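Shared between the two complexes below is subunit A, which pairs with subunit B and subunit C, respectively.
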Partner chain A sequence: MLKTLFGDYSKKQLAIGAVLIVIALILPQLTKSLFMYNLLILIVIWSILGMGWNVMGGFCGQVSNGHSMFYGFGAYCVGLPLQYFGLSPWIAIPFGMCFCACVAWVIGKPVLRLKGHAFAICTMALAECMRYICVNMEFTNGAKGVNMFKKGVNPILFLQFKDPRVYYYLYFVIMLIVLAVTKILSKKRFFYYLRTIKGNEDAAASVGIDVSRYKVRAYMLSAAIVSLGGSLYAQYMLYFDPASMMTLNVSMMIVLVAVMGGIGTVFGPILGAIVIECLSEFTRASLGQYGGLDMVLYGCLVIIIVLFLPGGLLTLPAKIREYMDRKASKEGAAK
Partner chain B sequence: MSTFLQAIYEGLINGTVYAMIAMGIALVWGVMGILSFSQGEFLMIAMFIAYFFTTATGFPPVLALPLCMGVLFVLGFCIYKTIIYKALQGPTLSQRLITFALSMVLVNGMLMLFGGTFRTIQNTGMDGAFSIGPLVIAKNRIIPLIIAICIFCFMLWFLNKTRQGKAIRATSMDKTAAELVGINTEKSYSLAFGLSAAIAGAAGCALSYYYYCYPSVGGNFQLFGFIAVVMGGFGSVEGAIVGGMIMGLVDSLTGVYFNTAFKYLGVCVIFMLILQFKPKGLFGGK
Partner chain C sequence: MRNILEITDATKQFGGLMANEGITFNVGEGEIVGVVGPNGAGKTTLFNSVSGAHTLTRGSIVFDGQDVTQKKAHEIARLGVGRTFQIPQSLNEMTVTENVLVGALMHTADMKKAAEKVQETLELCNLAHRKDMLAGKLNVAQKKRLEIARAMATDPKLLLLDETMAGLTATERKDAVDLILKINRMGVSILTIEHNMDVVMTVSNRVVVLVSGKLLMVGTPEEVTSNPEVISAYLGGGSDTDE
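Our next item is the complex of A and B:
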């Protein structure tokens, strides 16, 4: 197991990884601003979401634009049990993951028959449909959302901490676990099947891979991870409402996180989440008062990055190297 | 019975707007294979143009139609030349994300310039209603209907009868083959993108008769447009029109007989049912 986790990397790369983890652990100790804590926590949550989407969109090639549905369901699965039964999130979060996997299993069969844009539109419509249902049902508190703050509960049992750094460390560990799971799975037969399906569905079927079954499994796994992200977000905010959680924008942001980092790679979503969250939070903090300017700038930056780096930010070093080589060879030719 | 008729009529009127949006989406999809998320934002910009035209001059919004379509055509053309042209060399997913980011820029740009207030056109020049049999027909919905019918006829004529329209269709069927017989596919692409924006412009002008305009108005119409396109058959313009009409009908019938909150559920159910029996859409026989 350790070999599948670390076997691919040279000593140098492992050392860099260790240094990065140490930096991530020290970072919240260096600052006292709530803004930075918030940013770090959001980065961690969005990396989990990106990794979840990546299982489906990146490895299996089925681009869903409706993952905000699972994000919202994940949040509801911790919020509603707490409200009705006082259930601890330690039980509710795994329950939510199972629930979302079941939902994915039920809708997976009919939806996954569609391909390309049609699949994206169908998932988008489903997410929108679920949003309307959640907004209009009494059971889910409607558009008021769910308030999860409870006074005087055991902080560890109910995951309600005063210090945001505790959230950060806890979520960071969870993210590392998700990362390790993705890394191990990416070496397993399951993910090789998914990559084959991405490459060519007919060819995959012709070598005996049960395409629809593995697609549904990928969808389930992806839904479960995104649901985990939703639960963690709700647990951190202690409040959420469907109108802001289950929108098309959130779905697209999840896609963007994975695509910007590097689609179908293990570390891409983390890089993407760091860039996306820094862009959006810093533009909002500095330009937020000009109503809309921050989002205009953010959108422009996204267009530029996606336009010039279609393979994601992970391909940036290779691109730079290629550029340098070309420049060097040109200079060589000039001489 | 009269309620039913009325609901069908209103559904068809709403359906024309969805159909126009869907037509633009289907055109871009069919020709370039891009799922364009900026179509709803073109609609929104056109609504703003119609609104400012009417408040500034006092003329009814229908006179802003050439202006809306012209401005949007130029905007679409420029967007194609600057962004989409480059994006077409990248993967499909990046293209979709780029149009999405573009829509974000457009929505928030309008928000920044004009604020988020809801605006309605007060003096459309068509007030009141008249009745034919059991139907009550609001006058301010007649003009949008006429605009929509004109646009449908124009598009079908353009795509089927004119030389450039045939070139666009040929490009959408097979780009390489079209290039081999001497079609300037680059021109087809830019024209198709501009035209789709112009259709959204016409839809916005029609919609401004009875709908309020605000920066994020496009989102809902766009989603319905997407669903209409898939329902009608991928990238087929005729299918998009029929799909849009179905969307309008479902929209108004669920609103009348159940609850407006569940119109998306109704739309989704119909959508899934159609796709189960005809996975390529109603008109996607190819």
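Our next item is the complex of A and C:
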């Protein structure tokens, strides 16, 4: 297993990875700013969301625009059991993941018959429907949302911490686990099959791959991971409402994180989450008072990156190297 | 001789078009059967019916003693029918090795075992020196060989080859003929669509002639080439021997 996890990387790459992890671990100790803590936690949560979407959209090539549905369900799956039964998130989070996988299984069979744009639009519409349902049902507290804060409960049992850094460290470990799972799966038949389906469904069927079954499986795994992200977000905020979690905006952000970092790659979503969260949080903090200017700048930056780096930020080093090589060979030719 | 494939009254209709109509013939175990016919004769359509890419409008297909008429493409592949596509459907964003690997993974989830199979198949199809290349970067001849390699990695009993020679140079064609004969000697029965008459004559034990969706005749290469109907319908008709 160690070989599957680390075998692909050179010593240098492993060293860089180790340094990055150490930096990620000491960063919160270097600052007292709540803004920074919040940013770090959001990066970790969005990395998980991006990795979840990537299973379906990146590896299997089925672009869903409705993953905010599972994000919201993940939150409800910890919020409502707590409200009604006082259930600990340690049980509720895995329950939410299973629940979302089941939802994906049920809706996946019909929805995954659709291809390309039709699938994207259908998932979008489904997520919108679910938002309306959640806003209008009494059982879910309607638009009021769910307040999860409980005074005097056991912080470890109920994951309610005063110090945001505790959330950060816990979520960081969870993110590493999701990352490791993705990495291991990327070397297994399951992910090779998903990539084959993405490449060509006829070719996939010709080597015995049950295309629709594997699509549904990818959708289930994807939903479960995004649900985990939603649960973690709710658990961190201790409050959420459907209007902020289950919107089209959120769905698009999830797609962006994966696309910007490097679609269909193991590390892409983390890189995407770092860039997108920094961009959106910093532009909001510095330009937010000029009503919408932050969104304009944010949008422009996204366009620039997507236009010039269609393979995502992960391809930036290769692009630079290519550019340098070309420059060098031109100079060589000039001499 | 036992039949590996029995096609009976195969009929496929697309709207008002009869792409295949009442086609009946068999492929014996270990045989190489060539399928010839002018453009649009329904050769690829017949392959798609056999491989399960679509189901027949009428008729039946029995493979290795099992009725596969209503089976899905992936099920038929698992039973032992490998196929290539007329337009190579290589997985362009994956390496040559990975393209073959997805074939080898059909019978095992064990990566080590699959990797051995891949190596063996790459050598068979003369692609070992390109194994780390992205499939999208291969030339036509290599892409065609990759199609064969991916199908061969699944250990098929019957291999369907759709115009593997089209677009190849004379030397490449000779290599491809050698490869087909070698695969056949490994015990794989082959049904091959081929435009080039020389090739068909060299490799086939028997030849099936389709014209406008119907079976014109089945016979040995000599019988087929000397049949006046075939000559007028296909060979004489300003044919594309070198396509």
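Here, the second predicted complex is superposed on the first by the 335 of 335 C-alpha atoms of A that agree within 3 Å, B and C clash if a C-alpha of one lies under 4 Å from a C-alpha of the other, contacts with A are read in each partner's own complex, and residues count from 1 in each chain.
The rule is short, and it goes like this: contacts are C-beta pairs under 8 Å (C-beta built on N, C-alpha and C of every residue); 3 or more make two chains touch, one makes a residue touch a chain.
Please read these numbers as outputs of a predicted model, since none were measured by experiment.
Taken together through their common subunit A, the two structures put subunit B and subunit C side by side without a clash.
Judged by the touch definition given at the top, the superposed model places A:V255 against subunit B, while subunit C stays out of reach. Between subunit B and subunit C, B touches the greater number of residues of subunit A. Once chain A of one complex is fitted onto chain A of the other, the partner contacts of A:M36 are absent, as it touches neither subunit B nor subunit C.
Angle at the C-alpha centre of subunit A formed with the centres of subunit B and subunit C, after superposition on chain A: 80°, rounded to the nearest 10. Touch criterion met: A:G199 reaches subunit C, while subunit B stays clear of it.
Contact with neither subunit B nor subunit C is seen for A:I184 once the two complexes are overlaid on the shared chain. Touch criterion met: A:C300 reaches subunit B, while subunit C stays clear of it. Taking all C-alpha atoms of subunit B against all those of subunit C in the superposed arrangement, the shortest distance found is 11 Å.
Counting contacts as defined above, no subunit A residue meets subunit B in one complex and subunit C in the other. For subunit B in complex with subunit A, the residues that touch the partner chain are 29, 35, 37, 83, 86-87, 90-94, 96-98, 100-102, 104-105, 107-112, 115-116, 215, 219, 223, 226-227, 229-230, 234, 259, 261-265, 267-268, 271-272, 275-276, 279.
Those residues of subunit A lying in contact with subunit B across their complex are 57, 63, 110-111, 113-114, 116-118, 120-122, 124-126, 128-129, 131-133, 135-136, 248-249, 252, 255-256, 259, 263, 290-296, 298-300, 302-303, 306-307, 310.
Against subunit A, in their complex, subunit C makes its touches with residues 51-53, 72-75, 77-78, 82-83, 85, 89-94, 98, 101-103, 105-106, 109, 111, 150-151, 153-154. Across the complex, subunit A meets subunit C through its residues 187-189, 192-193, 195-196, 198-200, 202-211.
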